[in-house]
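Labels run A, B and C following the written order; every chain starts at residue 1.
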Amino acid sequence: TPATPVAIAASTAPAAAAASAPAVQPTATSLAAREPYTSPLAAPASPTSFFGYGEISYNRPFRNQSQTQIDVRRVVLGVSHQASERTRIVTELEFEHAVTSADDSGEAAIEQVYVEHRLNDNVGLKGGLFLIPLGFLNLKHEPLTYYGVERNFVETAIIPSTWREVGLSAFGVSDAGLRWDIGMTSGFDLNKWDRSSTEGQESPLASIHQEGQFARSNNLSAYAAVSWRGTPGLDVGAGIFSGKASHKLKDPSTANAGQYASGARITLWDAHARWTPGNWDLAALYARGTITDTNELNVQLAGGTLVPKTFFGWYTQAAYRIWEHGEYQLSPFARYEVFNTASGYAAPAWVGASPLQDEKVLTTGANLKVGENVVLKADIQRFQVDRSRDRLNLGIGYQF
Amino acid sequence: TPATPVAIAASTAPAAAAASAPAVQPTATSLAAREPYTSPLAAPASPTSFFGYGEISYNRPFRNQSQTQIDVRRVVLGVSHQASERTRIVTELEFEHAVTSADDSGEAAIEQVYVEHRLNDNVGLKGGLFLIPLGFLNLKHEPLTYYGVERNFVETAIIPSTWREVGLSAFGVSDAGLRWDIGMTSGFDLNKWDRSSTEGQESPLASIHQEGQFARSNNLSAYAAVSWRGTPGLDVGAGIFSGKASHKLKDPSTANAGQYASGARITLWDAHARWTPGNWDLAALYARGTITDTNELNVQLAGGTLVPKTFFGWYTQAAYRIWEHGEYQLSPFARYEVFNTASGYAAPAWVGASPLQDEKVLTTGANLKVGENVVLKADIQRFQVDRSRDRLNLGIGYQF
Amino acid sequence: TPATPVAIAASTAPAAAAASAPAVQPTATSLAAREPYTSPLAAPASPTSFFGYGEISYNRPFRNQSQTQIDVRRVVLGVSHQASERTRIVTELEFEHAVTSADDSGEAAIEQVYVEHRLNDNVGLKGGLFLIPLGFLNLKHEPLTYYGVERNFVETAIIPSTWREVGLSAFGVSDAGLRWDIGMTSGFDLNKWDRSSTEGQESPLASIHQEGQFARSNNLSAYAAVSWRGTPGLDVGAGIFSGKASHKLKDPSTANAGQYASGARITLWDAHARWTPGNWDLAALYARGTITDTNELNVQLAGGTLVPKTFFGWYTQAAYRIWEHGEYQLSPFARYEVFNTASGYAAPAWVGASPLQDEKVLTTGANLKVGENVVLKADIQRFQVDRSRDRLNLGIGYQF
């Protein structure tokens, strides 16, 4: 018999899964209850429930203090509606950078909107705009679930969190505790690549994601992810996403006139593990992306930001709950990351495409939890290549 | 004695009216309960209730597949607050195309915000930003209430759904089952007409609507609508909206220098009928709009998009609930539409204004309802004039 | 022993404080319950509660009626989550001018997001984006809490309502009924001053506020406010906010090359009193701001909008509840304001900086309350200097 609970959860959206809990026990929304795949099937008293999270950050660069910044990073409000015992509707509104208008820098977005339908206790389907299950952060980024004021670089620059696509998915959990999720979705649009912007070098995939906004979809993408939690405290997983990204017609004689990279395929995969023995919280993750058939495209981009052929990153992280008192929990942590958003290019020699150096970042700091809903964070980040980015970060976050 | 219930409903906003229902019977929010004018007067347990709906669509043109698109069309969250037994406050937030920012194509809008006050069981007043009661779709556009992935052309290109104005309204229902709604509101602004855009040809009124956003209102508009549902399954109605659209001063000697179309009046009317005997759902609608006094204005617009004098459209539609099993209901349908956004112009001959051809569209497909809250849709659309628009549409929608 | 309740409230956010009330007594959300500092400590039945308010206005200038406008000024939805008996999370979303997109004039903003933690019955802490406690309106601007369709000029042009900053605050109430609030927050950014816009002359501080959106914060600001309500019906208070606004490095030799106004400090203070004996509601307020070290900066701005050295305003207002019947309450009022957004400049003589004239505005009208949640407003405004602004205002507002 299985050693772990195998009833599948409502969704891979962790906060949503916990949304029903508060009604029953206001102050005891345990982190366990927020785990994907483990929330109870029973509908809450009211079919419509709410969840939310938010983060405010203070960043002070050591060498350029005049660039010190305070930002209301994000405020998220989610609505979950239990349409029937087996069907659930989840929507999530996100407001980034406080103010959105034609003259402001903020963004108001639908981060998720999907319908989920469980076939039985072990298998479910969903359709709509949902998060792609690669890595830890993309699925689970409420402030109390990760260490440090800022999300790690590997899961923002390489895995383009928060990364969502429109599509259909089947997911479930086996009796042996193996969770799985496969799907067919919209993908990236290489036509959005902007040679005059450095965005493509900061995060190649985030610069060409489509987010369900008039997403070009002549080509669809597919993904698969697995996660094994057969032993308490352990979570070992991996995922892969792949799809063509030019969205042009197949006939090259007419329809593709003026087109570049007609065969370009984007593939991203990751492997990750987390182990939480006693007061320890240990994690490691590796992610790698490739974009094929960019040789000709990079000729056209010559002199600007080129499209990389490969990009990758990994990190290892250790945290220890050193102090606990009433509502308070203090957990110092350290994270070491290596990442490169352009570790290789495909381009003729004359274009002069030279790979970037691997950036290496050490982040040390602490999370102070205040109950299950609030966290104060402080950390210092040291960069090995671009030292002008060394900085102090302070943050406050909440989730409910 | 009347054969039908005559107590007026909370509002012409159908989703809002149903918002209180889920608290009592989560999975049984019948479509009947969403009908305008028929929701119960009793306040829900909590005075603040929520409702919502959303749509995601996939459009694949047959002749230009590289333009295939996936879009999170809209996600709507509504809040209804029962201030007292007789007074209710309704707000509705709409997020279109997933992402709104200075660099994105989405839109975050207040679709409705009004206060409703019932004088007695048969008459109510409301004030604020509300939907104009012309046609079927403008009042009732939750995905489960109409057939096809896309809203029909007549009720988007001719009646500019979702069309709302700021104003005051009186509405009610007679003992004989005649529902009525009259009001005075803000109107269109012909100064917004853009000769360099084709938007005015896609939907003349949608290109100059004001949506309660700094709406020019030197002239106000008025409307009246009636709907008769004296026989179960039948809904026969008509409506008219009319108002001046230049918003200039009356004295032509000074204030109107440089003004065009000072006397322009916009009038739109429709007549519609729906009959639902047994498993059938039959509907037909005709709508016609006119803009007067545009002769001089079109001289100034010569060479660009002109303002039409007349525009119209009609459709007829039949659907049949062919299969039902548990939560599932399958309803194939066909709809034939004829519409013309510029069937006539007022302009001197040298301007060369020639009316457009009537476009004729046949839409055939099916809606698959999953419970009362979720629908999957598929259809094919064939255009008689512009065949490059022929396409396959797939969609998923929800409402609660 | 104190004559007034001294238990501190959840927050200086009045609407939020009342959010839990409706669940218990839908139609009896008294204004008293919305008072800052006096809401009960007890958690509501559900930890997540909602509040909201909104305003729609009609403005008709007497001399330029073609500029008549209707606008959905704002629709606000707030969410309050009681994380524990002592900890509360408050977020407030605001939608201004109905429609927000890259092509529209609206704005979707996070007006507040903060976490509040009470140390004991008399002292609390909060952190996040919150309202600065100067004047009456900045903290309390729900439509039923003030007279007239439009907010007064002193508390929009001088005190830049709605004014929020990111920071930390301590607040409380003494046994003698003295409420206090001190904090350290982000501040203004003088680098945002736009010489080519008149915005700086309409409201100097509103034109350079940062609203928690990538707020430059090399310099922080501080504030302190007190309010005494020891006698029923009386509220006497004052507040001051001050901080540097250039955010540059201290070393003038290198880092400040090209910088102006490196030492500029912005200070704003106010004193206010309100007395509500019987049916009367009497109020007065004075506010004054200064910006130092602008001499050199104004040389660079010469020919455009200059930065003022001083700006100020005051008003006195009287309202009387003349009629009451069932849900209805009618209160005529008059308000006389004097304000000047640029009463003095610091600039060399050749720049030709001449102070503006004091503008004097008389507003007379009435508020008609319909229950505790809805208000209809009408008033006329007469301007002494710029008579072209004389106008009729009509409005409808709600709060819950």
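Note that contacts are C-beta pairs under 8 Å (C-beta built on N, C-alpha and C of every residue); 3 or more make two chains touch, one makes a residue touch a chain.
Given the structure is predicted, the values throughout are model-derived calculations rather than measurements.
*Asks:* Rounded to a multiple of 5, how large is the rotation, in degrees, that superposes the C-alpha trace of subunit A on subunit B?
*Replies:* 120
*Asks:* Between subunit C and subunit A, is it the same set of residue numbers doing the touching on each side, over half shared, or a different set?
*Replies:* At the contact between subunit A and subunit C, which are copies of one sequence, the residues are largely different (under half shared).
*Asks:* Where the centres are mean C-alpha positions, what is the separation of subunit A from subunit C, in Å?
*Replies:* Averaging C-alpha atoms per chain gives centres 37 Å apart.
*Asks:* Please list all residues of subunit B that touch 2 or more other chains.
*Replies:* In subunit B, 100-102, 104-106, 108 touch at least two other chains.
*Asks:* Residues of subunit C touching subunit B in their complex?
*Replies:* For subunit C paired with subunit B, touching residues are 22-23, 26-27, 50, 52, 54, 56, 58, 65-72, 75, 77, 95, 97-102, 104-106, 108, 327, 370-374, 376, 396, 398, 400.
*Asks:* Which subunit B residues qualify as touching subunit C in the complex?
*Replies:* It is residues 43, 46-48, 79, 81-85, 87, 89, 91, 93, 100-110, 113, 115, 117, 127-129, 166, 186, 211-218, 247-249, 255 of subunit B that touch subunit C.
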